[in-house]
Each structure stands twice: as structure tokens, then as C-alpha cells.
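Here chain A shows up in two complexes: once beside chain B, once beside chain C.
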Partner chain A sequence: MNKIVMRKVVILLFLMLLSSNSFAQEKSGFGNVEAGKKIYTKRCIFCHGEQGGGDGPAAERFNPRPRDFTMGLFKYRTTPNGMIPTDDDLFKVVTKGLPGTGMPSWESILSSQERRDVIAYVKTFTKKFERQKEALPVIEVGKEIASSDESIEKGRALFKSLECFKCHGNEGRGNGPSALTLTDDKGDPIRPRNLTLNWHFRGGGEAKDIYMRVNTGLNGTPMPSFKDSLDNEKSWHLANFVRSLSPSSRPEINGVIKSKKVLGNIPADPSDPFWQDAGAGGGAEYWFPMVGQVIREPRHFTPTVRDIFVKSVYSDKEIAFLLRWNDPSESKDGEPLPVVGGEGDEDLFEGATSAGGEEKPVATALDDAVAIQFPSHALEGLRKPYFLMGDEKNGVNLWTWKAGRLQESNANGIDKEVVQGSANQALSGGGGYHEGQYKVVIKRSLMTADQEKDMQFEAGKFVPIAFYAWDGHNAESNTKRSISHWYFLLLEPPIPRDVYVKPPLVAFGVFGCLLLLQRKLRKNHGKL
Partner chain B sequence: MKKSFVFTTVFLAGFGVATAQAGSLSGTIKLGVDAPKLPMVKVDKDPEVCGAADRPSEKLMLSKDKGVANAVITIKDVKGGKALDPSKKIEFVQQKCRFHPHVLIIPKGAVIDVVNNDPITHNIHTFPKENPPLNKAQPTTLKRITSPKFEVAETIKVQCDIHRGLMSAWFVVADSPYTVVSDASGNFKISDVPDGTYQVEIWHEALGKETKEVTIKGGDAKLDVSLLPKKG
Partner chain C sequence: MRIPLIGKVAIIWVSLYLALKFLVSPSLPSSVIFMYMSLITVCILLFVSVFPEDAEAFFGPIKRFIAGDQTDSAVRKLGRVAMFAIIPLFFGHRSYQANMPSYEPPLEQRIVHPAPPTEFTGMYNPYREDHEHFAENVKRGGEVFYRNCVFCHGDKLDGTGIFAEGFNLRPANFQENGVINMLQESYLFWRISKGGIGLPEESTPWNSAMPRWEAILPEEDRWKAILFLYDYTGYKPRTWE
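Entry: the complex of A and B
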């Protein structure tokens, strides 16, 4: 008996020794600091800085800014709130990159060993890794509860009771009442994620990724860990609900917007049932990515609007566009901005020490706006004006919606925009802001008198089309804007009425002939 | 704040080395210039819980005769004397979108209980340099969170991001048992101090740091300090 116990103990000890030994080897063998330093100096220093402070020369062009490694705060982890990440967590980020940020995937550039080496070096910028003696606890994604209406509803209830909406908004578009005052741990403004566009989630947009995020929180940001309030089931329900706010798959760019012919009037109100009716304006919606304008000064590296959704229909008389884009705040020119950080860090004694006691100007917002761009007139073949507001030779025609006002203009370059005379202003439309989203309809007659300045629309012809957006809350105006590429608009030729008459007639005729032929053949056969 | 100087103190006190003579230090912290017009904080979130009226900023709280509340007073490098007690239960309470107390002294090695008495979610978010950071959501169903141990002496900013601007506080992780906070009138008292001459450090979030020398020789020594605004 004793011998058996002894043997078991010995085997156990041996196994423990073996496993701890291999673990230690793995740890020390994870990466080489010296080799990593060389890679870091070549590849990472430009953004993350020589001392890892996230302050390289390119840092200010990024939103979010590059990670400051000296703080030892990492967002995308599998470890509990406040803890450093595992080597695997860091390896995943370096390998796959962080979508929607300046952090690229290094998978095809650095070998897996090189990635391990650079991680080993990055870990030397803070004492936190060195201090961590015990193995890090890891949050496991538990047994999956597949998404279902029931699970989503339970998740929706949790979203409400845990008050996720305070930052992320009632409909999840990152527009909650606390959204605009938030800063990260460095004091830089930070916005809650818009949960309806999951392709922008840095740590992955699938339910299992969301499960992890709500449990770990995002170190260095206002996103807390909800682990103490969630078990495996609740985590899945919440994750399934958040996942359900985005489309089932990432939209793809379709380069041609097909405008469908409809009968009768096109409503200017985007909430009109017309825009849901499959037989009218409820057809395909096209998605286009947008980026900051970084070609002309002043450039804009940190735009708010990254996606625009477009529908188009036309009637006998007019063409209409329904534009949909997300913006966490509705802003109009001159409105005071909420103080980022809430209370503000103004000097309490400013009045007492400075003789003048000048009043600080209150920071104000600018107008939110969107614009559609066409060439001023059709060009031969597939020629297009320069995509950014046209060029000297070929101008563009712009339809702008600015905080509710519509305006037609022309431009021959970004600094050469001329508003059309009031007699030429022919746009109409409507719509506005709701829960972190703008929905705006812009319409114009298909043809106008001024064929030089106004794009004319004819069925069956391809028309170049591009988009701009401005977030007035983000100090965007003029060149500081979101831009898109040129795409194409095609007014689908209506199905001519002949389609319903001629082919049946032809078919009927052919059938009749065949019948006659057959009879004749039979008759002839009988005769033979 | 310097670390580790109290190690010997704790060690000796732990072995019950009694001090021959002990006294106390008391006094008032006051503002040394005219009271500025203190900014009011607008309550723009959850008025039904946080209260609808604008509230005075907690950044600088003065009594009528310019006594400074929430100043931290520390007698430095005390040899012998009482031991640091990290075992005492410490509560940090969120009520009506306010942290209580505004400045919390935490003996090094202690944990704290974070309590949410409000019918809404708060998040307790700390900004330490050395201790592990904390950012946990505390919905109504989670009345109490126990923090990890605070192992390193430092001053830590605390805030609720959801109620940013309304809710901020400070944790002072102290490695000396001779660390106290001034009350609403700016008064403070530190007892059981062994006789000797000491450096006393006074810190306030808006007024910065000041150091004074005091000598304690039995009885109650007095230290009244006038703090001046930070320069620059």
C-alpha cells in the first residue's frame, strides 16, 4: 500500500518537475531581447518611440495613438482587468495587427521567431513583466451558447441593466451620455466603440472576442471589466446581443451604385415607409469606406466618419440619394462642446495671478456635414476629374448637406469651390440625426438648365460619384474631412413595357406555328 | 513619496519596542492667499441620482476661514512608534455620484472594499504608477468589490468614467502610520508620535506639496500651515 502511494508521489513529482522545467524553457526561450531590440529599432521606433513611450515622430498622426509600453497597460488580453498580457496575447496583436489603427499585421514581414524577439524587447520597457513571478491567470471563453433570439434578448436586457448604453448609446453607436467626456489613461480623448460596425473592433468582432472584452475590460481606457457581474451564460448572451448589432458579415465594396427607377414621388423624409418598401426605395444599400483627407494642408489623420451607406432611386423627374453615416454627436456651428475629461483642468488661481483675467474662449463645435460629388458634366468614356474636388480642366459638382441646409456648388480643386447662384440651387431633401446616426435624403431633378455646372442624369449611363463627410465635433471643416474614392452611379434602365408584350406574343406565335406544322405533318403522314 | 523608510519602524514596532516618550501633532491647513472663485461642476448625467443642482468642485474645498479640507499630512521617517496596520477594514463608498471619502488613506499592504450605494452603475477606475490598475464596472447588482492589495506606497487618482467630472478621488497608499487627512475645517491631529524632530510633508491635489519641520517633545505640538497655489 505504502509503496503504491510512494510510487504515485514520485511519478507526480517527476511530472511536475518535467512540466515546470519545460514551462521555464518556453518562457526564457520565448524571445531574445537583444535580437528584438534590433527589430524594434528598425520597425517599431517610428511610432512607438525609442524608449517605448508611444511618442515616435509619427505618433501624433494616429488615433488611437501608438501604445506607450512604459505604462504596462495593454488593451487586448486574455488576462483579468489590470494585469499584464500573456506572451500569446502580445504575439497575436503583433501577428495580426489591430484593424482600424496604425498597427499593421507583421505576419508576412517578421518571422514568428522575430515577432517573439521583438515582444521580449517590448516587455523590457516596464518593470511589470519582470515583477510578475507567478503564471498569469487567463480568462477562458466557456462553453458556447449559440446566438438565438432568446439569447440576444437576454443580452439586450444585460446591456440595459449593466448600463453599457451610458457610453455605447441606446442603439450601440457609441453615442451615450458619457461618450464625449471620456479620456484614456494618458488623458487623450477616447470614444466608446460604435458597436454596429464590428469590422472596426480592434480585438475581433465575433461573439467570442466580445465575450473576452467584456470580461477583461480594456486596460488604459474607460472600458471596465464586467467579470464580477457576468458568468459564462451571461457573457455569451451579452456577446451575442452586441454581435447582433452589426451585419452578419462585413459589407463589401460594390463599385457601382445601381439607382432603381420608381414610380411617383420620392419622399424626402428618410423615415418614410417608402425607404423600407422592397418595391420602392427599400432596395440595395451600398457601403463605402472613408479615410481622412491627408493630401492637402491642413491634413486630417483622425477622422470620425469611416463608413458611409448609400441608396439611390430615381423617378421620371428626379434622382434621390439616402445617405446614412455614424457620428457620436449632433453638432452645429457655434454650439459649446462638452469639456473632455468632464471637470476640466483649469487653473483655480488664474484670476488671482494674472492681471488681465481674460475669459477663456469656449470651445465650440462646427457643422456636421456630408457631400456627394459628381463631375460637373459627363466626360468622354470613363474619364473622371481628380478625385479630390476636381482639377483645373475638369471640375466637380457638389451636393452638400450642412446641418440641415442644402447647397450646390462647383469646384476645380479643394481650395477652389464656388457656390452656385441662388437661381441654380435646386436641391431638396430632409432627414437628420437619431441615436448616433445621420440619415439624410438629397434630391434633384434629373435634368437642369445649366448643363455645364450641373451633372445631368440619364438612364443607362455611368456617372462617377464620390462622398465627403465632416464631424463638426471633431473640428472638421473644409480640408479636414473624410473622403472616399470615386465610384460609379448607374441609373438602371427601366424594364420597357414591351418586355411584357412582345416576348409572350413571339412565344405564342412560335407555339402556334409549331402546332400548325405538326398538324400539317400528321395530315401528310396520313396521306402517305 | 519615498518608499521603504518605514520598514524599520514597522519591524521595531512589531516587536513591541515601546517608546519612552510620545506626543501628538495637530494644527490647521489654510490657504495662504485670497480664496479664489471656486468653479461649480455642472451635473449633466443622471440628475435623479446625482442631484440636479450644480455642485462645488471637490478639487479645492475651503471652510469659511480658508481652512483646506483633504490635505494629506505625513510625518516622515518616524523611528519606533506605532505599527502600520493593514488589517483594518476600509470602505470606499460611492453615493449620489460622489466618492466618500475624497481622499482615502490606505496603509500599504491593505485591501479596500469599494461599495456602491447608488441605484446606477459606476466604474471604479484607478491610475496608479506602481500598483496594479483597477477598472471594474459596479452595477447595482454588485454592491461590494474587494480590491487587490495595495503593495506600493504612492498617490493614486481615482475616477468614475461614466460620471466623469462629477466623481474623482485620491487613494494615498501610505507606508507610515503617521499619515492623516485634514477635515472640512482644515484641522488635523496625529497621535502617538515618539519624541523627536521630523520633516512633515503636506500634500494637496490643487496646492501641491510643502515640507515643514516640527519637534515633538511630549504633549501636543502645533503645526499651522498656509499653503500657496502651485507655481506655473
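Entry: the complex of A and C
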């Protein structure tokens, strides 16, 4: 074929490609608005609302509330504070979702084109995207400074000097002095993130994500951008410090709590060195997710406690549990609640708005509490009581710690709980609140006289165990609580002495046999 | 090249072991493999002991290796030391495994889709044939879903709601092929109305977090939610024909 014709064809094709491309871009920007509207109507309106106001029928049952697109304020961006996000930022949120919120990762259902289309439609709810003519500035994560003790210490100093602790607390558990009074730009209460549980971070829990967050801030919330106070190095130091507050990897559910046998008395004080000593109570800590009680009315959709950490040991006489859970406030029945939006540090948080001047009645808190649940007595076969507070036939035995008071009770249903008589009350324990965290020890003797109402503990037997928690500041009491499912508790029998005696004997015996064989063979060397 | 007898025996022994371990399907438990291999070992030993020449060809190298010799190469010497270490350690380890008590939690088996009671068979969704208000009814069903079911069954209906991880019986995934498309709408209506606590014993009702929705939602909302589940996922309910 003629080379010139060939070249013309190629150029023509190239031009067509270019023009069709730019045509498509002009028409839709990033995705197709009409196609996006269809997807939005099918999949998004129930939370985000038909007009994008974040007011769909499900909205009030979620905390955080679904995003109100009409405000044009987006939290998870790579653009400077106050600016709209890039298309890539939105694409990332739609694709990966926001962990811990109702926003799922959509990549399993929507193709990347569909995700682009729905983003194109979402951008029409506010004029901000249309008005943005020039390209958006983007904050880049600079050259990484690997985490080290030195970097973490520098980050700790920044955490102090930038006053991060005012909201996030001295130890980072989201319990700073202003934590309970904050509101977002819509006037809804908002809680600072607990920085010690990074699997709940919406925008990602790794150092690079934290780097981005401290530089961009969270639009529409009291979380400002610290870009002006941070350079690349400082950003990494701060990010490395915050990252170091969480475990190196997300804890996993291990369905069996192994209670280790210890000698002597088990201290009731969780700060006793016993609980750090590897030879005593310093063994494995088990993590369990806690969720809202959404099964029986009145239900609870926005629980405070989402994680509980459990250790257990036992002695000849008693069994003990060390429970650890996070709560941004210590609350006791009848204490006045802080006024939300009233006492925020207005200088530090320019973005934060108070809830307005209107007088609110002084609300009071309820008791913070935690409970451990066992069946009332060992059951035949695999039958367990109903996991939520037992059932008519099979009751549960509850050990409750409520603002410092211990109580044993039994239940045959969430509305059928009966406190045991004072003669039967046999729990002891201790502990309390420190910097956004409860640490409580609950103990009881292994065996009791009342075998019908009290779980009896024997080494080597699997006992079903479950947990409950209540945050008094979040109006939690009774059915409004965090719940867990049944797991198992195993009192590990001490390892039999044979385990340490027999294997060396066997190994030694075999070795001796080999030596004898060799000697015999050497004696008969001539015959070999 | 002629392979010495001991080499042949080793090749046969190893290949039989590999065949038992990897070629047999379904795979054999290790105790059965151990039994077969013991039998094979005994047979081989019998076979090589029948004629004195074979016995010498087989046991001779082994005896010489164990006994050792001043003229042995460094590799042979090292091999001998390794053998004297590994064989006792192997038996010591077997003894440790045999004596160390292990505790396994009881396994809970359950029937996933038990037969529904008679009052829930043969029912039809009263809104399925209401073509005029279909979209409206689906939308109402969606509202019911996102205000009640979403916390466990998830925004995408795939069983990954924000509370899903808290439950041992994970919430049903309606997107999965073989779940709602294999069930009649009346079955869903039974499960939704009576909840986990309404399951028969063989389905471990004590483990299910499914609420008894008849205590919370009116009947028409339950039917409309079912309509929504099928509409959203694109599946068709199994019919009674």
C-alpha cells in the first residue's frame, strides 16, 4: 500500500480519537451525569437523600451522618483545607469506602465507569465544582521518613505543641478536654478520633494517610489543617507518632479466650505489675468487636464502644478477667453533660460552629458499665442460651461492673434480668478510668454454692462467654448498649509433667540405641 | 547406569509416599498414610532380606555409613552427625506431640435453610403482581431495608454491614448466587418475621442475631422489603411451580 495514504489514514484516525476524547470530556467532565443519576437513585438516595442533602431515610440512624453533598464540604481529600476534592479523591472514597461508616467500598458492584458517572452526578449538587475553573492544588506526600524512636519522639513533641491533645487527649484516645463539646458545620455533635485504634480511621490508618490528614484537615469538622505549621519532615514525625499509638496490625478475632493458671493471689488492681508480668497476668490479650444492640426495641444504632480487650487468668481458688475498653468520657448517673457546641475552643477551630445561642435543658449522664455473660450453668451438648441475654429455657449469668459497683444477676431475655440476692453476690474487683480508657478487673471463686444460677469453672472445659458495654454519655442503658456474640473461655489445664519428661527420655533412648548399634557395627568391622 | 538396590528402594518408597499423599483424592488422613507406609516398609524389608546378596546390597551401605571409617569424606561425617541428631529429635518431637494435651472448641454444625413451618409455605408476595405501584413499593422496601437491615446486611446487601463482624453467624449475603434466588419469597417472609430465635433447634437459634421483625415492622413493610431485595440484586424468587 502507498506509504503516504497509510500515513494520512493514521493521522486521520489519531485526530478522530483526539476529538472524540475531548468531546466526551466536554460533555461529562469525568463521568456521565445522566448515567450517574440512575445509579445514584438506585444505590445512594437511602442515605444521601434524593437531593443530596445527606438526609435519606437511613441518615438519622448513622453516626457519622451521610455526607450532605449540597454543602460541598468533603472530609477525605488531597487538596488544601476548605477546598473541594479532586475527582481522584472522590473516586478513591467511592471505590474503597470509608471504614466504620455506612459508606461501603463500591468496587465490587460498580464498574470504574459507573463510579465516575455517579461522582459526576454528585458534583452537580453544589455549585462549588462548577465554579472551580483552575486546576486544584494537590498536597503531595513527600519523601518518607521511616518510623523510628527518634521520629516518634519528635512527633510526640509536635502533638503537644500543636495542641492535638486538646481534642484527641493526652494519650490519643479521643478524650481531650473539648472532645465532648465539638460539633460539625451542620451543628451535629462530632467526636475526635480515638487515635489508638487505627482500623477505625476513615481515610486509612497508615502513616501516609495520617500525613495527608494533618495537612488537609477535615472540611466541615473541627479538625483543622496543620499545613502551615508542618513541613515534610514534621508531617512524617507527627504521622509516625500517631501511627505508633495503634497496634502494628489490626487485631483479629480469636474465638477462644485461654485463661492461664497462676500461683497465689490475683490482684484486683489492673495497674498492679502482676498484669504486665509475662509469668503471671501478662499473657495474651484477646480482642472482640462490639456492635450496637439492634435486635430488640428500643434498639441502639450508634454505640460508643466498638472494641473490647480481654485477659483472663485463674488460680486454685478464683478466676479473674481484666477488661479494657475505650470511652471518651467517664460518666456517672446524674452528672450534667457538657453542653455540645458551647465550650469548644473557638480560636483553634475556626471551622467549628457552636450549636447556636438557644438554651438547652441540662441533660444528665448515665452510668458507664460493662458486663460479662456466661450461661447460668453448663448445658447439655452444644445448646447455648440465646446469645442476647438468654431465653426462656436457658438463662445467662451476668457479671456487671457499673461505675465501680459489682453485681451478679441472671437473665432469661433482655427484659427479664433479675439481680441475685445479697447472699449470692460473690464478685470482687477493681480498676477504673484513665485517659479515655477503662481497665477493670472482675473476679469470682471458681465454684460457688448456687450451681443453678452461677456458672461453675473447671479446667479443660469450654465455657461460652459474651460481653456488653454501656456509655453513659451516649444515653446508653438497658437495651441501648454494645453487644458481642458468644465466644469461648477455656481454663487451660496446667501442662502435665509428662510433656517435659517423656520427650527428652525418648530422644535420649533413641540416641543410645543408635550409639549401641554403631558400636556393634564397628566391632564387626571386618565383616562389613 | 545401574542404580544400586538401596537407591531403587528409596525411589520406590518415596514415590509411593508421594502418590498416597498427593494423588489419592479425596486426600487420606495422615494416620492412614502412616499405616500404609509402615506396611510398605515391612514388605520392602522382607523383600530385600530373602537373598543374602540383596541383603548385603541393601544393608551393607547403611551399616558402613553408621559405623563410619577414618577414610570417610567430610560430607559423610557430617551426614552421620546429622543422622545422630535428627533421629532422636524426631522421636522426641513425636513424643511431645503425643503427650501435649490439645483442646478444641466444640464444633457447631447447623442446618442453614431448614424447612419452614406449614403456615409459611405456599404464600405469595401480595405486592409482586401490583405492577401499577411496583416502583413505589420497591422504594418503600428500600427505606425499610436502609433503616433496619443495613447495619448487618450492608449497604450493598452483601452481608458486610458495619455490625456484621460482631456476629458469629455472619449476616446473609443477598448478592451471592444460590441464596435468595433459590428461596421462595414465603421463606424469606418466615425468616424475617420470626427471626433467628424462631429457627428450629437444628439451626442453632441461639446464635442468630436476626431480629423477630414481626415485633418491629408491620407485615406490609416486611413484604415490601423482600420486593426490594430481589429488585436491588436482580434475582428472581423461586416459585412454587
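Quick note on the criterion: the second predicted complex is superposed on the first by the 447 of 528 C-alpha atoms of A that agree within 3 Å, B and C clash if a C-alpha of one lies under 4 Å from a C-alpha of the other, contacts with A are read in each partner's own complex, and residues count from 1 in each chain.
As a working rule, contacts are C-beta pairs under 8 Å (C-beta built on N, C-alpha and C of every residue); 3 or more make two chains touch, one makes a residue touch a chain.
These figures come from a predicted structure and were not determined experimentally.
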With the two complexes superposed on chain A, say which partner A:273 touches: chain B (first), chain C (second), both, or neither. neither
What is the contact status of A:383 with respect to chain B (first) and chain C (second): first, second, both, or neither? second
Applying the document's definition of touch, where does A:508 land relative to chain B and chain C: first, second, both, or neither? second
Given the touch rule stated above, what does A:498 touch, chain B (first), chain C (second), both, or neither? second
First (chain B), second (chain C), both or neither: which does A:225 touch? first
Between chain B and chain C, whom does A:178 touch in the aligned arrangement: first, second, both, or neither? first
Applying the document's definition of touch, where does A:166 land relative to chain B and chain C: first, second, both, or neither? first
When the two structures are laid over each other on chain A, which of chain B and chain C touches more residues of chain A? C
One more residue to check, A:100. First (chain B), second (chain C), both or neither? second
Could you tell me which stretches of chain A are touched by chain B in one complex and by chain C in the other? none
Complex contact set, residues of chain C against chain A: 60, 63-64, 66-68, 83-84, 87-89, 91-96, 99-101, 103, 105-106, 108, 142-143, 145-148, 150-152, 154-156, 158, 160, 162-163, 165-168, 175, 195, 197, 201, 204-207, 209-211, 215-216, 232
Could you list, by residue number, the parts of chain B that touch chain A in their complex? 33-34, 36-39, 41, 44-45, 57, 59-60, 120-121, 123-125, 127, 132-142, 145, 148, 161-166, 168, 206, 229
Can you tell me which positions in chain A touch chain B when the two form their complex? 73, 81-83, 161-163, 166-167, 177-178, 181-183, 185, 217, 219-229, 338-339, 341-344, 346, 348-349, 351-353
Sites on chain A touched by chain C in the complex: 42-43, 46-47, 56-58, 61, 100-104, 106, 108-109, 253, 255-256, 289-292, 294-297, 301, 382-388, 391, 394, 460, 462, 483-488, 490, 492-493, 495-496, 498-499, 502-508, 510-511, 514-515, 517-518, 521-522, 525, 528
